[in-house]
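Next come two complexes, and both contain subunit A; in the first it sits with subunit B, in the second with subunit C.
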Partner chain A sequence: MNPDAYIACLECDLLHRRRPLPPNGVATCSRCGALLYRTRRNSLDRTLAMAICGVILFIVANVYPFLTLTYEGQEQETTLISGIIALYHQGMPVLALLVLATGIFFPLLELVGLTYILLPLKYNRKPWGMAPIFRVIRNLQPWGMTEVFLLGILVSIVKLADMATLVPGLALYAFLILIFVVAATSASLNPDIVWEQLTVDH
Partner chain B sequence: MGTINGRSLKSGTAAPTAARAGLMACHDCRLLARMIADPKGHAHCPRCGAPLHWRKPDSMTLSLVLLITAIILYVPANVLPIMHTTYLGKTQSDTILSGVIYFMTTGSWHIAIIIFVASIVVPALKLIVLAYLLISVKQHATSRREERTRFYRIIESIGRWSMVDIYVVTVMVALMNLGVLASVEAGWGAFYFGAVVVITMFAVRSFDPRLIWDEMENQR
Partner chain C sequence: MTETSEHSFDEIPQAVVRHSRRLGLVWLIPLVAALVGAWLAVQAIVQAGPTITITFKSAEGLTAGKTKIKYKDVEVGQVESIHLSEDLSHVIVTAAMVKDIDHYLTENTRFWVVRARVAGGEVSGLSTLFSGVYIGMDPGQPGKPSDSYTGLETPPAVSMDTPGSYFMLRSEQLGSLDIGSPIYYRQIKVGQVVGYEMTTDGSAVLIQIFIQAPHNNRVRQNTRFWIASGLDVSVDAEGVKVNTESVLALLIGGIAFQTPTDLEPGDPASDGQSFVLYNNKDEIDEPVYTRKSYFVAYFDETVHGLNKGAPIEFRGIKVGEVVDVRLEFDEKKVNFRIPVLMAIETERISVRENGKADQEALIVKLVQKGLRAQLRTGVLLTGLLYINLNMQPDAPIQKVSQHGPYTVIPTVPGATQEITAGIASFVNRLEKLPMEQIGTELRDSLRQINRLVGSDDLKSSMTALNRSLTQLQQFTTTLNKDTGPQINSAIDQLRQTLEQTEKTLSAAEGMVSGNAPLGYDIQQMMRELAKAGRAVSVLADYLQRHPEALVFGKGAPQP
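== the complex of A and B ==
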């Protein structure tokens, strides 16, 4: 039996024979319904385009003002990072670190990492450290929470709307688009296109 | 033939699983590898280098320890204020629950529901479902395997949304920073709540749903 012709369900361990799928197809476990593998049309090109787009939006979202609050003649301009810095100064360094990691650092690392891996692959080259870097990216994926961050931002806006005037900045719009780009990046990625580049010696 | 938790898997008419076929599935790249361990007893994926195990190591113990830690921290997370708002000369402290009530009384029903589900329902659901999964595996339950696997999948995917209140505090702290006029300060409740979210995410990820199915393999 050639193990490469099979795949095991990670949730119930059942073995399945790998079968070719139509484009954008999904194979699920026949016993417990877990995702086994999937195919994506032009996975490399689409994921790469989305990842690069995401990196650019990330820079815009972090450099430009995010929200400006006006209250009694005073103006408070904020960027994405200023809340994290404020938390740090209020004696909450661990909380600041948690927000920095899940809201900014991990999602950015995923987009930059995917670009680093997929760009050389597009030109048939293998980037240095491909396997460990891709493993890190895949394992960090559940810890990138940009969409939850956005929901938190929207809730705060509603909460503050009665007290003060809020003017959205360029970064807020960039962040809004970024959520869709991040979602599209994970939706277009078929991880097998990277793993299949690695040779196996059984 | 593989062994799980020291018990060997009997061959027979049971479902064809990777363990039964003497194969270990790589959690990272999904390669199936024959069981080969280096002299120290560690196995690594021949393709991507990830550590290989029959089942997640110390799955039950680790998951249980993290679950108990999360349950303990759940108390200060809900009792202590997550933020202190100073506005018009008055300081008000809000817990997770009083935040929900605030939105309810001000008529923002949609926001109240979002926060209620993300901050109260989801963490409680995760703790209860994970406890149920751990007990059912410990008691060698054989029924409702599909449902239990589905429960696992649900709590694994929804956990992240509990972070929403942490982000609300962060944004409030950033925006309401006008000195004596109006300011928001993060409270220790937010710290404990963040800890609960992170620890329950680790607790769920430590649990190996294949243990739900192994019992059946051993019985036949």
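== the complex of A and C ==
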């Protein structure tokens, strides 16, 4: 039996036979109506492109100043890391750790991990430790909260705008684009194309 | 049916499957991102200016990655890192400069930390109170490129591109002057003090000043500088006059200058020329002496009344003052001596012919020619002493010795000591008088007179005299008889003569009478003589009772 020929509903566990979909088609469960799978054109290419783009943006966002705050001639230039370090020094190490993990570490891991898996796959090679790494990436996905982080920054910018002059840095724009790129990466990724590469032991 | 159809389909060749080499449109996104990233990276590398190191004594207020380097308030660099030097004596600041400033980073470029400071009556860098300090930069004159600098501790008072001239002022002390102290010309600020240092021998202070163009042309060869700080209050019949350069100068001090109008304006002073700094405006007419030579004089007599600052005069002209008076005990010789340190302002003495003679050598020569120091009483009433230098060619020749680093000027006894010495020599002479011999001789004389009176010779003489008198009586009787008439006529003549004599005498009497000056003088003389006689008798009495008074003086305690 070809395992790839069947798919189980995530909701009610009813086994279905796969069938090819027309463009923009959606396969749903015949019993509960839950989404089974959908067509994703060039899923691998798109995801990989987005992941690589994300890594580049990530580097830019971390190297360049994020936000320059000028208040009464006093200039405070921040980067992503410096903000977290400031939090740590202000006696909020747990919060700093959380921001570091959700804002920087998990998204970075996801992007790098996807690139690691998808780049060899594109050339029909299987990267080492593909399955556990991919599982970890899939589990990390909900923890990447770059958009929440940015939302927090936007709120503080709005609040500080009246008090001080805020000059957005290059990193802020890079980070803004990064959020969309990360979202696009998640959206275009069809996990099946990874799992399909794995041979099943009988 | 399906089976058969499958079989029949087997005959149809399968399409060749291969991966599409064409890159999908989606790859444009990472490509753009990569291009932008690469461009940013390239720009960062291309735009990167030189990295320089500046050393400071302290990194107070400096923050790595935050402190800016500014020129004319434009950011030209940023501090990258701050670390201590190996010997911990200073800090080394590494700064990344912008590319454009590259050409201006020469050996003449100066850096300093701009902090809020109050100096020279100006408050500067107030903004740094809020924004934190930054490093100021002055490109200076073009020169060799450099990448390591020593930061100034105070901002340069004058930036290199300001036109003007530098001058040196020589002063006895710095007073309230400081870097940045203003310099006034007709009460308008035209420059400032830019630095000061002590002369190598420590005898004066050299103050470097900067005067902006075009006022630097007002400094002439004969221009006089004086310290303008302080209040000049004078009270006279017209009321109270208060004179000051400005309230600012009153508070922080300053220097004013003026070219005397009574003299022909001299040539413009050259850059770096040295001037004397006078203490106040009145003093610019009086010479100020900043060169001093020190000499020592030893005195054996009391120096009571010789204070520090007491004048030293040479033939009545002040040439210096007393700097120090000490008491020294010589253990070997077991005697005391008082070394007095004298500061002689050699500039006061204008030297003819060879103006560059060695002062010390000159003094040595003078000492050999008889230069001596002597204590003199300035005002008898106060008993204040001064030192008089004089040439005494008859003084015993003395070798020139040294007292530490100072040349010793020999001394001669002072005026008081001279008097004491005079009395002592008088007493000495009195002592030498042969009083006993005089007494013996006097007694001998008296004895001889006595013997003469009681002798037989005198009796026989008396008998002879008696006989002679008898004969004389006989002779007179004879004379009465024979020569009487002749005598009468002679007497007549004599009477006439006497009358004339009487007249003459009465005239003479008028001359010597009580009211006449001669008579008075004679009377006076007689009285004096009588007094002298009394005094001698008193002295004689006293000496008879106290012969020792001749040695120990009157009223001295008896041993």
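One rule holds for everything that comes next: the second predicted complex is superposed on the first by the 176 of 202 C-alpha atoms of A that agree within 3 Å, B and C clash if a C-alpha of one lies under 4 Å from a C-alpha of the other, contacts with A are read in each partner's own complex, and residues count from 1 in each chain.
Quick note on the criterion: contacts are C-beta pairs under 8 Å (C-beta built on N, C-alpha and C of every residue); 3 or more make two chains touch, one makes a residue touch a chain.
Since we're looking at a predicted model, the values are computed, not measured.
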Query raised in the report: Touching A:49 in the superposition: subunit B (first), subunit C (second), both, neither?
Result: second
Query raised in the report: Which partner does A:32 contact after superposing on A: first (subunit B), second (subunit C), both, neither?
Result: first
Report task. Classify the contacts of A:159 with the two partner chains as first (subunit B alone), second (subunit C alone), both, or neither. Result -> first
Requested in this report: Examine A:114 and indicate which partner it touches, taking first as subunit B and second as subunit C; both and neither are also allowed.
Outcome: neither
Requested in this report: Return first, second, both or neither, reflecting whether A:124 touches subunit B, subunit C, both chains, or no partner chain.
Outcome: second
Requested in this report: Compare subunit B and subunit C by how many residues of subunit A each one touches, and report the one with more.
Outcome: B
Query raised in the report: With the two structures laid over each other on chain A, which partner does A:59 touch: subunit B (first), subunit C (second), both, or neither?
Result: second
Requested in this report: Could you pull out which residues of subunit A sit against subunit B in one structure and against subunit C in the other?
Outcome: 72, 74
Query raised in the report: Where on subunit A is subunit B touching in the complex?
Result: 1, 3-4, 6-8, 10-15, 31-34, 37, 67, 69, 71-72, 74, 76, 78, 82-84, 86-87, 90, 92, 94-95, 98-99, 102-103, 131-132, 134-135, 138-139, 142-143, 145, 148-149, 151-153, 155-156, 158-160, 162-164, 166, 191-192, 195, 198-202
Query - Partner subunit C, residues of subunit A touching it in the complex - result: 42, 45-46, 49-50, 52-53, 56-57, 59-60, 64, 72-75, 77, 124, 170, 177, 181
**Report entry** Footprint of subunit A on subunit C - complex, ascending
**Finding:** 19, 23-24, 26-27, 29-30, 32-34, 36-37, 40, 66, 68, 127, 130-132
Report summary line: Seen from subunit B, its contact residues with subunit A in the complex are 15-19, 21, 23, 25, 27-34, 46-50, 87, 103, 106, 108, 111, 114-115, 118, 145-146, 149-150, 152-153, 156, 160-161, 163-178, 181-182, 185-186, 190-191, 194, 198, 201, 205, 209-210, 212-214
